[in-house]
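Here you go, one structure.
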Amino acid sequence: MARFLNDRKAASGQMPGSLIHLGTKKLEKVRIRLLNYSIDDFVETEPDELDDCMPYIEKDKVSWINIDGLHDAGVIQKLGDLFEIHGLLLEDMLNTDQRPKVTETEKLMIVILKLLEYDEKTDRLSSEQISLILDDSYLITLQEKVGDYFDPIRDRIRKSKGRLRRKGADYLTYALLDTIVDNYLLIIETLGNMIEKTEAQIFTPNQPKGLMQKIYKHKTEINFLRKNVRPVKEILHRLIENESGFIADENMKYFQDLNDLVMQATESIEIYQMMLNDQMNIYHANLDSKANEIMKVLTVFSAFFIPLTFVAGVYGMNFDNLPELHFKYGYLYFWIILIVITLGLLIYFRKRKWF
Amino acid sequence: MARFLNDRKAASGQMPGSLIHLGTKKLEKVRIRLLNYSIDDFVETEPDELDDCMPYIEKDKVSWINIDGLHDAGVIQKLGDLFEIHGLLLEDMLNTDQRPKVTETEKLMIVILKLLEYDEKTDRLSSEQISLILDDSYLITLQEKVGDYFDPIRDRIRKSKGRLRRKGADYLTYALLDTIVDNYLLIIETLGNMIEKTEAQIFTPNQPKGLMQKIYKHKTEINFLRKNVRPVKEILHRLIENESGFIADENMKYFQDLNDLVMQATESIEIYQMMLNDQMNIYHANLDSKANEIMKVLTVFSAFFIPLTFVAGVYGMNFDNLPELHFKYGYLYFWIILIVITLGLLIYFRKRKWF
Amino acid sequence: MARFLNDRKAASGQMPGSLIHLGTKKLEKVRIRLLNYSIDDFVETEPDELDDCMPYIEKDKVSWINIDGLHDAGVIQKLGDLFEIHGLLLEDMLNTDQRPKVTETEKLMIVILKLLEYDEKTDRLSSEQISLILDDSYLITLQEKVGDYFDPIRDRIRKSKGRLRRKGADYLTYALLDTIVDNYLLIIETLGNMIEKTEAQIFTPNQPKGLMQKIYKHKTEINFLRKNVRPVKEILHRLIENESGFIADENMKYFQDLNDLVMQATESIEIYQMMLNDQMNIYHANLDSKANEIMKVLTVFSAFFIPLTFVAGVYGMNFDNLPELHFKYGYLYFWIILIVITLGLLIYFRKRKWF
Amino acid sequence: MARFLNDRKAASGQMPGSLIHLGTKKLEKVRIRLLNYSIDDFVETEPDELDDCMPYIEKDKVSWINIDGLHDAGVIQKLGDLFEIHGLLLEDMLNTDQRPKVTETEKLMIVILKLLEYDEKTDRLSSEQISLILDDSYLITLQEKVGDYFDPIRDRIRKSKGRLRRKGADYLTYALLDTIVDNYLLIIETLGNMIEKTEAQIFTPNQPKGLMQKIYKHKTEINFLRKNVRPVKEILHRLIENESGFIADENMKYFQDLNDLVMQATESIEIYQMMLNDQMNIYHANLDSKANEIMKVLTVFSAFFIPLTFVAGVYGMNFDNLPELHFKYGYLYFWIILIVITLGLLIYFRKRKWF
Amino acid sequence: MARFLNDRKAASGQMPGSLIHLGTKKLEKVRIRLLNYSIDDFVETEPDELDDCMPYIEKDKVSWINIDGLHDAGVIQKLGDLFEIHGLLLEDMLNTDQRPKVTETEKLMIVILKLLEYDEKTDRLSSEQISLILDDSYLITLQEKVGDYFDPIRDRIRKSKGRLRRKGADYLTYALLDTIVDNYLLIIETLGNMIEKTEAQIFTPNQPKGLMQKIYKHKTEINFLRKNVRPVKEILHRLIENESGFIADENMKYFQDLNDLVMQATESIEIYQMMLNDQMNIYHANLDSKANEIMKVLTVFSAFFIPLTFVAGVYGMNFDNLPELHFKYGYLYFWIILIVITLGLLIYFRKRKWF
């Protein structure tokens, strides 16, 4: 399966709006969790069916309906019916390969983006799609599997800590997006640390095996990050324009702050991309440099011995008449010649700075 | 014939609007198929002549006229006359090298784009041009050859399944474009799988022959894809602006969904382009790395034996007076010298980490 | 002379609007050709002087005045006087290095661009500058030399074939531009064929001499093309905006069609640029790959014989006391040792997959 | 710790607006310095608490409150309370990894950017974050540590030299920004000098060890510069638009001058980036060139001696019947053969211009 | 001193608007030259002080005040006082590293740009800053040193040749800018010729020493050109918009013509940048190709002689029992074996196309 595109065979040729889950089934049973709160009240429950959530939705309270698991078309269809979400949008939420985007209809604002996770075992990033459906008094979140990602936010709501209980569903949306984007930055930092580590290794005389493979791997992961983070920049630009008014003006500053973080994330990604390109080039250069060094040794070695061996060969010949062999000091002269040749080569090589 | 441009000699120097089919003749006889439907009625027929289609065109019904085969200038001229299409536009439809585009006249909207096909035998992409002529109550499609590309849509119309029968010609246009774009994504996925496969091969110690050729091939195919898909992005931006009103407002969301897919397609193409560039660089680096390794062995081998062979040569000389030859343990001393040299070199090479 | 800039010494330091012909003199005598036509009438003549053209210019007829040769400042000055063209614009037309552009004054529209020609002998592109001066009832074209470039159009006018006789000077302008742009595409196709031919050669085991030189040559020609074609894109955008109304609304579609062709031309140029860059990289890689292969052979060869030669050297020594020499099967043992060493090396090299 | 991103673990999962200092604690105790002045009056004091500054703030005087040290959340919270700064903005000022930016609220304008410092010991750039909070009659500056950066400005205020005493808090803001940007240019100049120094070294025959490492280091520092300087360009564009009116129109020209400097800074960074890329490529090329030279010597040496050694080996053979050995002038002939071979090779190599 | 930035230490920490000359002092004494003219009148004088120029400035005459030398702060201060130029702008004119720009105040328009000069001795470009201060009836030009750059224009004014005497100060501004830009093109042409000359050398079998250094040098000069020419493009766009009306509408066409030249200059620079990148890559490829060729010879040579030398070594051994030595035709057989091996290797190498 191509990593940068999901398997799309199930979807192609289907009627638009067909609710087909494009992705891996990550959960057995769909799980629904409801948090209903205002400054004074707080209810937490896990209803079996979506219908059970409806009575909670009131004007002056915030209802956060979290749905884990996308594989049950019945639940998704129900969701569409209850909250009047068009089939095309439901389809987008089910297609876990959906490009991150924000859609504003007359009734709802839907944000689709990715939770990213760094798997330390395989050293690979994986993405989970999350959809946020926002109206004045409720926020519905759809995830592929049950996770502890948003537990700190749940805790803050439960313990009535901070602004969350005083503010509306738009602020809750912000809080979730902030958690997601904070996590992007953590992952970039993790990857950045790894990238800066390979940097050090490139300049050691003996590069560890598989270094180039590691650099390429980092490039692939940075590409994966870029693919998932860059569209979030567009999402935030849209949210900040806020033409549809789903976000209260007084809360706009939170989204602007979020925008700063996303800008920082995309710029860091760009810098790491450039650094990885440089690392590749330098790795290249270092290989050449080392080969160069070894060749120099070979040249010097061969060049020293080749003429000496030739001279020895001459005096190993069996000619009847080879006068030098019968000189009294022939063998001594032989060594003198050798030393002269050796010194001559030494001076020549030194001059050329070959060693 | 240059792949990225058709043979244009037939067209140059001709009068503008000359109906010359630029491309390969892919079909013997032009085939006309008509589907005429509303919620309640359905007619399917294969008229011999275009004139036979005219009576079917009514305000409250949708007529889909599909023409397979572009080589018969008479049929195309007839088409222009019956539906008041300007010669220049007819010419565009005949020129199978036409850049994908949308044209809106007062009467009609014409979309020209490419069906892409991946030929598993030659491992090459080929393109077929399709033109869509849209008015309120009819859609005319022009293809180079008869294909089963749109059979699922024909089936859905016949079986009265889904929205197709309830909606107008604009929705039918969407359904066809959706099929085409879905196919783009399938092809990108296929190519992506191949690209990710070569990636694995690059890091094996012995790269299969022709790997570089394969990577280059992938680059060419990705370029071909990009050439054909990128203008579709522009087309969709134009359709979504919808200044001329050929698309009903209530159907605009379908085209927006299509836009998402095209965005995803172009971004995936960009990522694969970057990956292929990296693959090329790494292939390069690996070649260097291997040559380096082999050279190290050569150096070590030569360096070990060159001085030993020299020493043996010395004692193979025939000097009358070569005292060492007559030592009692001369031969033993010889081996001791060899071992000392060998160990010295071993330590030297080890220190430099050459093996 | 720098190819991408004309020799400008003659022009610098001169008064603006000085009529100095910057370029090579390509013709002996200026030649003036006049075609004057309406639906019903047709006159063709070759007047000696520009003044002789003036009586022909009438409201309901189209006059096409074609001037071949730019070296006669008197004729150009006359042209400026008769048709009220500012000296700066005359200067632009004479400077054959003028960047392609369109200028709209209150009275006239002037388009300057290049005719491109591919010289099969030198395998180089050359450019000839053409200027088109358009008013309601006449079109003046200025060329560097006499050519048969526009003969098909002259023929169509003479034979009253097609739209040319029914339409105005704006349509004639279109027809000429269309001929020029069609020729761009033919040249891109020619170059494209050559580029795709070198592609095949890059992957043959023994690249023909001068292949890199050929690729570089193609890059230079593509750059030359790009330099001359890209500004034409800007020209067409300006023409299509048509703020000054020199083009009749009903003829605008012809210019839009032309725009398609220019877009196609610039995109093809971009693709070929990318392909040439890849070809360079691959040529590089192939050289490395071949050197690698040869080095492997050298290593294997040397490595096999170096120890064998050493052993032979040992038993060629003349020690008084070298016991192996006197063994009964000494020579046999020698060969056994050789075979053992050979097999050992064979296995080692096989394992490392060096051959 | 990834250099291009701070350690963010402390911040993630926290409530928005939590005042957590993200960065290294660079100071023991927070230090507050106040300068209060008009044309005629001047007061300088170091209050222990922020409250002590409040009485000084008047309409017709400028108060510059400088706070050194970000680690005391109490002081920062107090700052927020006294001057009505939102928690999110306080958080930005504490996060020393904040992307440079300008924020305009109804009451205040806040500019966050970086002081850059070049450490000559480690040859690395470091950044210190500075925040400027501007209202009509006061400017608050927040720094990570006590520094002498702005001492010249303090001196100019004290000595009533120049415009500072006549103008408002906006001009003071300009003066500080000008100092910061001037310093950017000084650092670029320092780096530029180092970059142009390595350039000279690249072309010496024996490149000093670690040259590639140095070039890479320069690239990293240039990236660091670019990361910190480029957003300042955006800040200045915003300040020059001056929609909120925090800057008096008559002082706008100072900010436009500042803009020139920032433009110059970003363009110089771009040029140095290009130069470093070229240096890398050339370093590569020079390595290849040197290896090439050494190989030529090896080839010539080997090629000379290999056939000579072979001939000597032939006449060292012990065949019973080897006639040449018994020729009267055999040994002389041997040397003649050697000289002929040597001359032959010399001519061959000369022709190929190998030495 | 970093070439792409002046030494800025003198300026940093100074009060804004301090008149410090940043650059090299190129002249001993400031020289003032005044030309005052209308169609009928003409006065030329060299006053000692700027005050002496003031009486000449009248509504219906053009005064061109040319000041050579920037080092005398007194003169510059006087200039500012007499013509009401703000200190910041004076500072820009003194800072010879000022990015080319145009500033329009209520009273004046100031254009700052560079005169470029190509020094044939050092083969380097140098820049001199020129500032043009334009009002309705006067033009002040500031240069670093006295030059003959504008002598042709002075001559044209003196001799009442051409438009200069009929037109206003705006046309004089144009004439000067035209001279400057024409010179840019001449320099690009000179550099272009040098670049196209190295191109030829790259493909010769033996590249002259220092070729890579030359290519790098060209890159640096092209970067220098680009740095100084590109902002002029922005300047001309601003002049053509002409919002402030310092240029008469009837003279606008001259500035549009100038714009053409600047466009041509920047495009040529871009093309030469691409060509230089290609040259670098090809130089690389050629080095590899040559090393490849030499290695092939080494391989073939070694491979031929290594087995032959081994065989000779075998029959030089001193085994008591080495039967072949005593064969009658042993020596003949030896040569037959050698020839067989040689032919075998020849066929093998031929097949692999190694020579």
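Read from first to last, the chains carry the letters A, B, C, D and E; within each, the first residue is number 1.
Please note the rule applied: contacts are C-beta pairs under 8 Å (C-beta built on N, C-alpha and C of every residue); 3 or more make two chains touch, one makes a residue touch a chain.
What you see is a predicted model, and the numbers here were worked out from it, not measured in a lab.
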| item | value |
| --- | --- |
| Angle, in degrees to the nearest 5, of the Cα rotation that carries chain C onto chain D | 145 |
| Averaged-CA centre spacing for the pair chain D and chain B, given as whole angstrom | 42 |
| Whole-Å separation of chain centres (CA-atom averages), chain A against chain D | 26 |
| Shared-contact residues (touching 2 or more other chains) in chain A | 284, 288, 291, 295, 298, 302, 306, 309, 313, 316-318, 322 |
| Chain contact topology (line, ring, star, complete or other) | ring |
| Order around the closed ring of chains, commencing at chain C, then chain E | C, E, D, A, B |
| Chain A contact footprint on chain B (complex, rising order) | 152, 156, 161-163, 174-175, 178-179, 182-183, 185-186, 188-189, 192-193, 195-196, 199, 203, 253-254, 256-257, 260, 263-264, 267-268, 271-272, 274-275, 278, 281-282, 284-286, 288-289, 291-292, 295-296, 298-299, 302-303, 306-307, 309-310, 313-314, 316-323, 353-354 |
| Residue ranges of chain A touching chain B (in the complex, touch as defined) | 1-5, 7-9, 11-13, 15-17, 86, 88, 91-92, 97-99, 101, 103, 205-206, 210, 212-213, 216, 219-220, 223, 227, 280, 283-284, 287-288, 290-291, 294-295, 297-298, 301-302, 305-306, 308-309, 312-313, 315-318, 322, 325-326, 328-331, 334 |
